[in-house]
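Each structure below appears as structure tokens.
Each of the next two complexes has chain A plus one more chain, namely chain B in the first and chain C in the second.
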Partner chain A sequence: MSTPSGETTYYGEVEQSERLGAWSGKSVPRKEDKRLLKGQGAFVDDLWMHRQGHVHFVRSPHAHARIISIEVSRAEAVPGVYATLTGEEVGELQQPFFQMAPEPAGLMRDYCMAVGKARYMGEPVAAVLAESAELARDAAALIEVVYEPLEVIVDGIATIERQAPVLHEEIGSNVAWHGVYDYGDVDWALEHADHVVRIDRLHFHRFSSTPLETTGALVNWDPGTGVVEFRSNNQMPMFAAMFIGPAIGLGIDHMQFSSQDIGGGFGIKITSYTYLTALALLSRKAGRPVKWSESRWEHLAASAHGNERTFLDIEVPVMSDGTILGFKVRAFDDAGAYLRYEPLGAVIWSQVVPGNYRFKHIRVDYTETLTNKCPVGPNRGYSRLQHLWLIERIVDIVAKELGFDRVALRKLNYVQPEEFPYETPNGCVYDSGDYPAMLEQALELIDYEGARARQLAGAGSGKRIGIGIGSTLDSGTNNFGQSRIINSALPFSGNGEAAVVRLDLYGEITVTIGTSPQGQGHETTAAQVTADILGCSPDLVHVVAGYNKAANTYVGFSGTYASQFAVTGLGAVMGAAERLRGEIVKVGACMLGAEESDIELADGFVRLAANPEAAIPFIGIAATVFANVAELPGELADSVTLNCRYVYRPPFTVPDHETKRGKLTLTYASQVHAAVVELDEETGQVTILDYAAVDECGRKVNPKIVEGQVHGATGHGIGAALYETFEYDSDGQLLNSTFGDYHAATSLDVPHIATGEVECPSPFTPNGAKGMGEGGGAPLSTIASAIEDALPPGAHVVYDSHNNAERVYELLRSAAAAGPRGVEVISR
Partner chain B sequence: MIVSGQASVPAPREQLWAVLSDPAALAQALPRVDLVSIEDGHRFSAVARPVTALGETSVALDFEIVEQRPGEYVRIVASGRSGENLLALSIALELADDGERTAASWRAEIALRGVLSSLLQRGIGELLRDQVESVLAAGAALSGADRGR
Partner chain C sequence: MATEGAVHMVDLKVNGVAHSVAVPARRLLVHFIRETLGLRGTHIGCDTGNCGACSVICDGQLIKSCMMLAVGADGCEIETIESLGEGADGLDPIQEAFREHHGLQCGYCTPGIVLNAKTLLAENPHPTEAEIRRALKGNICRCTGYVNIVRSIEAAAEAQGSVRA
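== the complex of A and B ==
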């Protein structure tokens, strides 16, 4: 296969399984729902261990302060208090966490609690273990912490200035990472373009996920075996192990992770390893299991936030026909106080360098900075949604400033259907798609022409109508080799996921997977593909719920994240099921005295294709292999286990550290959203009148699950666009860390979502599916686009991804103010 | 955060001042506040129990009268702690004759550190206003009681 230039070899198309179809592709009811809808799910707070104690973390009220002393004696004297743990102790018991950043940021000494200094409001400085959660909280109030407040920096750009207070003295500055991503020749493009559109500043705000279940864990350090059991809702346990193990001297064989049901994750629960570490240390000290359930304010203030990013000095070269040649930008990403998953965000965005467009010349000068705010972590659409929002803002602003129709401009610049697989300027390969068809469908769903008519008819009514479009990508299945773009010394590349499918003693088909689902329906979809391959009903397939390291298989990056289960997770299940099928066929052929080619699997039987009456149920195969093995020839008996493990491995290579080029991800699901909004001129209130979400994620394994994910991602994005934002004051105090002030979108805030679909099977995956569920933050782009469309002529550009009524009111007033609009056009 | 307000108190200025400048009387006048100790004529400690979204929150406060012009003006600073939260308050109260009543104007600057800064950011103004108005009303009542004796 070749690129449009005819030079590059892609991965090559993958042979797609012909066995899928009887169950895959159908909206099979979710197996998980039987227990979840009856209130029989098992979440962290449902767990209990004999002798367990409850933990309360004492948190810093200061955003930046030296810890002079911590006095715990009054708390420890309270009857029922088992133990305390302070940062000072942690400094002795724990090695700093492994850092992915190169030096100097790689020198950061990050612990599970503040050691010597607190660097964000809400950072744990001590912990109390007591016989009840209430007692632990009361006792925590008796711990005396003496602080010396230090100067605070919360501005993600000003933090790199020389006079800014330095968070981590060992690093010497607040720059966590800096690099220039330079593709094509942007200087040439700016010189030769007919127009250059300059945008001063765009800002992507800080928000988070609000899972129903906050972070929590029940941890027991067994003093006899030395094994630490982590029953938690961490969503990427093997990643957590990579940090916890070296920090407190545990091998992977001494860390047991498990979870059953997880009440939402969205990425935010990946970085809970700091809390797991603290709980392990407390358990060892107290000699008893310890349990912790995060309160809502703790979750909002001190778990992890999504990345905040500011884009400065954006220059966009545009030809007179509307062809956008690319763009140039300086990006500042605010990582907060520590690098808990960062600086991976400094490269993850480059999976989608040109967005959905054929931009060829792109330079992004990227700086990741540290501030006195909650550390960031992956958050639905991690690091890509910020960049995709920038690109969609660029397209809309170019259209408005140069007088192009925003629909036509998109269609002109989109990667065209016939260009797939499409190689981006940085060497990524978009597998398949049809963005123009998706746009057409989205516009139809909102009655675009009708909306334009309503817009005209509404003029002068005090309500301004706007129509918005957001085109985004959900790149799924990471190549961890991209981490080497930020740090060439990191020993990671490729990716994989593992699964085991076995035929058990009495003919049961059991599947275990390496992932830790949080609502994505893995039990159902894994059962669907297994049923297809083994010729049985999904009802006969038992997919073990949740994750248990002792019972399930895993690889280094097992977990649920990065929109990859449909590819890596199901790829592993399919591989393992195929292996099991091969063994079943071998044994069945032997027992039926036939050739393997004469055998078919159907309805839970092994049978002769030519004579279905000659059939053996799966239990017969299992019983023979496990209990009547002398009936089989020795060679066959030695070669089958009916317990088949498979590791799915996408065909990645190692990206180039110097050029920052490579195949960073395998699949590219896409979204085109469209919305009609109404702005109230007197209040700035935004009302969504119509909303459409068109999704393309290859071949769907379970359409109903896909639709649910689309609804969830859309609701999350609408919430972020209009309601959800973290507000810090200049002292680093988070001003909205409860649901009283942080307005997470509810069903009352999310309008009816009309959904549409386009199916473009991925040629690179064995089931034609693409990872999906993160959604690329399309609503953030769409709402910003719609608001801008509704603004009067002369208004400032929509410069922020969060547009509450106050900000929209200011934008509406900006037209009359006739001040700077944040944009200028230079035409030749 | 700066919060200010004005009130017309149904009591003569001198009598109102007598209550407001007496820590014991002041503590009695403060709603949901228990006096802990009086260190001297300028310093006293108290425990306030404002009701927030988390329920009743106990805040231990140390008060100091840092500036006063008897009968006219007083400025009190307070610092306190509630669990992991820190609070700092400076409040200035000015009194003037208004016939048989007293015209009171006040201005407070309050800083919170910790979860309360989130919980109270929308409620702190009203909470403080309620406290001041309750003190003035109680002061008026107490001074009235004095007059009745």
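== the complex of A and C ==
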């Protein structure tokens, strides 16, 4: 693969399979659906073990408090209570979790429960194990905790000021990470630009995609074998193992992880390892299995939130023809009280440094901070959506302030279709795309011209119409080597996934994968590609449901996260299926007395291409290898297993810590969304009139599953833009911790979503697919863009990613106030 | 110290099967269905009656089983997701429509939503999109953006209409 100039080799030749097509690319119904529709799924709360006890956590009501004492005797005296566990005990039983941050933040001592001090409202301080969930809750009420409340800091920027209370004394400040990403020459650009647009402050709010199934687990520390079994809904089990193992002294061979059906994850279930650790300690102490199901308020207050980010002092150099040269910004990311996946977010945004645009000169001064709020974790669009929202805000504000048409300005500045593969200023390579075509399609789907006419016609009616555009990226298959950009000592790089495809004793084709799906249809798409390669129907392919470390195969990267299954998971399945195919052909050729080149696989048979009558069913191959092996020549028998493992490995190298450059992700799915909204001048209420999502993700394995992911990501984005936000008061109290007041988007909030189609196969993947599903947070950009378009002249810029009626009402009123608008233009 | 407390005899029918069971006064209907009867298709998503994952049909009405005590269901006829479809393998036409139109992803909200669709179509065999969306308001789905759920219910209504005609 080379650039148009032919000079740069990005990833070498990537061989793409020619066997895909009979089933791949078709919307075959999902294998998972029957059990889920009949209520026969096996979610974690459906599991049960003999002698299990139920866990209830006692949680801190304070956002920041010293724990003076915990008295458990009254709880332990209750008949039916098996054990309690306190933070003090945890301090002795657990080593602090491994930290990915460099020092000083890397000195943080994080435990599975508060040890000595609670640092956010809802942090677990003790736990009770009892014979029923109700009894555990009752007994928990008898545990007496004496707190000494401490000063609270919830502001993600003020927290680094000298007078702010320090959360972790061992770190000495509330800075989790700081670094400057500097590409091109932004000072030169600002000096030579025809205009410089300055934006004071933009804020990306805190929310979560709140999977409908909360976190839970059934954990058993077997005293006989020392093996700890974790049946959970953790979505990245090998990542969890990396934290749990060293913390409580378990080798990977003594940890068994499994999950079958997971009720949504969206990243939020990655950091549940802290709870798994506490449950393991309780199980060991009580000598029995322990079961825990998080309540919704616990989930909202104390599982994980998405990253909140504030952008200050944004300066954008623009040429008179509309060419945007780049931007500079100071970014403050609020990680909450602990670093449980962070500070990886401090580098992951840089997978998409210029967004969909040809910006060349970019400087981001990035600070990640600690506050007395729930720790953040990856959430759909993780760390990129904040940055992409910033970029789309910049483009809209530049268009408005300098009088450019926002459609034309985007088309001018987009990376152009002929420029792919496109190298970004930090060395990432966008594989393929056609953003202008996607924009055209999105505008057509909302009837752009008609909407503009409605906008004019509606003037003076009390309803203001606005049209918004959001262009974003869903970078997938990440290179874990990017972690070295934030901490050069971290021993991670590359990526990969493992699969086994085997021909079982009676001719069954069985597939196991190291992934832990939460509704993405892996059983279906894995069966489709396997069927293509082995020449059979997907109905004949049994893909084992869910994750099982002992029974399936895995690598250190195994799990389901970060938009990569279509590349890593299916890459592994395809590789394993090809190996099995090779073995079947070898055995078949011998049995048919033919050359391997004469053999074809079709309809579940090995046959002679020239004479399809001469055929052996797969069961004949399996039965011979497994139960009639003396009939085969010894050399052949010794060379086949019919049990083929393959690890897909994307061709990454290690990014550079000093220059912060490298190939951080393999594929770049893209989104261009467009919306027409109506603002009610009296109330500030926003109503979406039309919404269109044009998503591009390379060659689709199952278009219906892809479209479902687009709908879902769009629903989350719309929910976040208008309805969903975590509100903390200055005491660190979370004000909306139930679904009664944290308004998860309903069927009346998400409108019909029109979808479009543009397909640009990735040249870098074995099937032309790109990872997708996170969706880049396009609706957040689109809705902000539409609201701004609807505001009267002179209004303040749309400065927040969350715009409820109250905020929109203020924006509407700001026009008449003629105060500062949050933006200024300096022209040469 | 609170314990399981007073126990009451409850007589009710679940999926056509009569049960006469002693239950603690404070046991929620959803826990009775899941833990006492072992019917795990009824799920729990929020504890506050907002999400609808625990929806079941009680005397023909869609209810949220986390909002009702098991003792309150004395004398009632309850239908759960396990009552739909023929036998262990068969799918009801509504379930078929959800499968055909990809009306589910993780499947956690699905039993509640399918029962919601069943009661909706029983009352209103030809709902408009707006009527379907209004009916679904009390059932949160975090995966589908509701688009394919609406599509599935529209398709189920059509299929039902053609069978009747």
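Details
The rule is simple: the second predicted complex is superposed on the first by the 820 of 828 C-alpha atoms of A that agree within 3 Å, B and C clash if a C-alpha of one lies under 4 Å from a C-alpha of the other, contacts with A are read in each partner's own complex, and residues count from 1 in each chain.
Heads up, the rule we're going with is that a contact is a pair of C-beta atoms (placed from the backbone, for glycine too) under 8 Å apart; a residue touches a chain by one contact, two chains touch by 3 or more.
Bear in mind the structure is a predicted one, so any value in this text is a computation, not a measurement.
If you put the two complexes together on chain A, you find that chain B and chain C both fit without a clash. In the superposition on chain A, A:H711 makes contact with chain C only, while chain B stays out of contact range.
For the combined model, the angle formed at the CA centre of chain A by lines to the CA centres of chain B and chain C equals 60 degrees after rounding to the nearest 10. Touch criterion met: A:T738 reaches chain B and chain C at once. Looking at the shared chain after the overlay, A:A164 reaches neither chain B nor chain C. In the superposed pair of complexes, A:A140 makes contact with chain B only, with no contact to chain C.
In the superposition on chain A, contact of A:A301 is made with chain B only, not with chain C. For chain A, the partner that touches more of its residues is C, with chain B and chain C as the two candidates.
In the superposed pair of complexes, A:H752 makes contact with chain C only, with no contact to chain B.
When both complexes are overlaid on chain A, the residue A:G263 reaches chain C alone and has no touch with chain B. When the two complexes are laid on top of each other via chain A, the two nearest Cα atoms from chain B and chain C are 6 angstrom apart.
In the superposition on the C-alpha atoms of chain A, the part of chain A touched by chain B in one complex and by chain C in the other spans residues 297, 738, 740.
Touching chain C in their complex are the following residues of chain A: 27, 29-30, 32-43, 45-46, 78-80, 132, 134-135, 138, 142, 209-214, 261-264, 266, 293, 295-297, 518-521, 704-705, 707-708, 711-716, 718, 738-740, 744-748, 750, 752-753.
Those residues of chain B whose C-beta lies close enough to touch chain A in the complex are 53, 82-86, 111-115, 117-119, 121-122. Residue ranges on chain C touching chain A, taken from their complex, read 1-4, 24, 26, 34, 39-48, 50-51, 53, 80-82, 84-85, 88-89, 91, 95, 98-100, 102, 104-111, 114, 129, 132-134, 136-150. Chain A meets chain B in the complex at residues 58-62, 121-122, 137, 140-141, 297, 301, 729, 731, 733-738, 740-741.
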